[in-house]
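Labels for the chains are A, B and C, by order of writing; each one numbers its residues from 1.
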Amino acid sequence: MAESSLYSLDNEVFRVYLTYAVVLVLKMFFIAFYTSFVRITKKVYANKEDFGIGYPEEKAKERISKGNDRVERVRRCHLNDLENIPVFLVIGLLYVAINPVASTAILHYRIFTAARFIHNVAYLLPLPQPCRALGFTTGVLVTASMGIQILRAAAQF
Amino acid sequence: MAESSLYSLDNEVFRVYLTYAVVLVLKMFFIAFYTSFVRITKKVYANKEDFGIGYPEEKAKERISKGNDRVERVRRCHLNDLENIPVFLVIGLLYVAINPVASTAILHYRIFTAARFIHNVAYLLPLPQPCRALGFTTGVLVTASMGIQILRAAAQF
Amino acid sequence: MAESSLYSLDNEVFRVYLTYAVVLVLKMFFIAFYTSFVRITKKVYANKEDFGIGYPEEKAKERISKGNDRVERVRRCHLNDLENIPVFLVIGLLYVAINPVASTAILHYRIFTAARFIHNVAYLLPLPQPCRALGFTTGVLVTASMGIQILRAAAQF
């Protein structure tokens, strides 16, 4: 394949990357809306205007400062996604440029995606450790593996 | 247009993407510096060394633990940008690869950017809900719309 | 160089970008694992299941709500990376598309990377201000400089 077409839909690795990239982003959005859902059902918001017009300000302040364990758990889960998924999206995209063996690349994309789903489920239920730690670490190692292959390809050129 | 030139300045969609991408990043930086500005004017920092040499450590600790509502509001606004803008930057870039109709693509980029400005203004003033929720949700829906088009293009190939 | 090959390993600017992008991501991962390391050595976690099976729940709750200054410092350092590095990764990648002079581009990538290392060291030791502020601001200015060059290139086309 000509190098110039690596970032085109003709390239299977790029097509697979596109698919997993979008799946991961939609998953992140799900967690974002789930946070809102938990806030609404628990009536625990971070801003006084979120309680609605007419809600007593003193009571709003009290609920804000008290917080809620469930909301904080979902937020930490979301923040962990934020630490890992945008970085994967970029490294996974750059990985396409070194024209990796398709099966190897697809394996990286799949394992990362599976690891993030495991991490999220382990965080939200929660499952006993080390489930969550394994999901997190696997995701980091897959991204690092792509990173190291990129470094070597750029250096060997 | 040849697929190989989608990521070049010859491609109008890519040029428009570049413009909005940079505008959004500069906007994020504005919020970051605004956070510092509010911290300095309120003299509420997160680290004891930020109070300057000679500031009594006990007093610094007290101010850190007390915090400030305004600072926390700006921080939450910034964090929401961080949840949404980097993901948009990647998905918007990948969207160029499926060679969308220029007017449709430009509309997506414009609405997202407008939605984020509305979100930020609604958060910082603040405006009554659902202004902020609408800004946030519109941004997510625009990104999801691009994502779904990418999924379909990658699957149909 | 033909525009179609800007995102190939033939392009020196892209190769240098790839190298610094991966170095920055590996640095971020180091901070992420360092956070876990500090949590484990201080035995201060954010979730009750992290204390391990058999740890008294009341005691876990107490340690969670008390927190730890060192853990919070490392977390803020990580969060600042998260604010700046993914955005740099995208803007740095887009910068390749405007085919900048190689020496200028490489200087941007190098200064940004150095600035983030300075920021992290200044945050974690900590060094007195304005070391950390300089590291942070330099990183932002480098990213903004690339952004403004992108805006001009897209507008002049």
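Heads up, the rule we're going with is that a contact is a pair of C-beta atoms (placed from the backbone, for glycine too) under 8 Å apart; a residue touches a chain by one contact, two chains touch by 3 or more.
Quick caveat, the model's predicted, so the values are computed rather than measured.
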Could you say what rotation angle superposes chain A on its sequence twin chain B, using C-alpha positions and rounding to the nearest 5°? 120
Give a one-word verdict, same or different, on whether chain A and chain C use largely identical residue numbers at their interface, taking over half shared as same. different
Chain centre separation in whole Å, for chain C relative to chain A (CA means): 17
Chain B touches at least 2 other chains through residues 4, 7, 82, 86, 90, 93
Would you tell me which residues of chain A are touching chain C in their complex? 3-4, 6-7, 73, 76, 82-83, 86-87, 90-91, 93-94, 97-98, 123, 126-129, 132, 140, 143-144, 147-148, 150-151, 153-155, 157
Residue positions on chain C within touch of chain A in the complex are 2, 4-5, 7-10, 14-16, 18-19, 21-23, 25-26, 28-29, 32-33, 46-47, 49-50, 52-53, 78, 82, 85-86, 89-90, 93
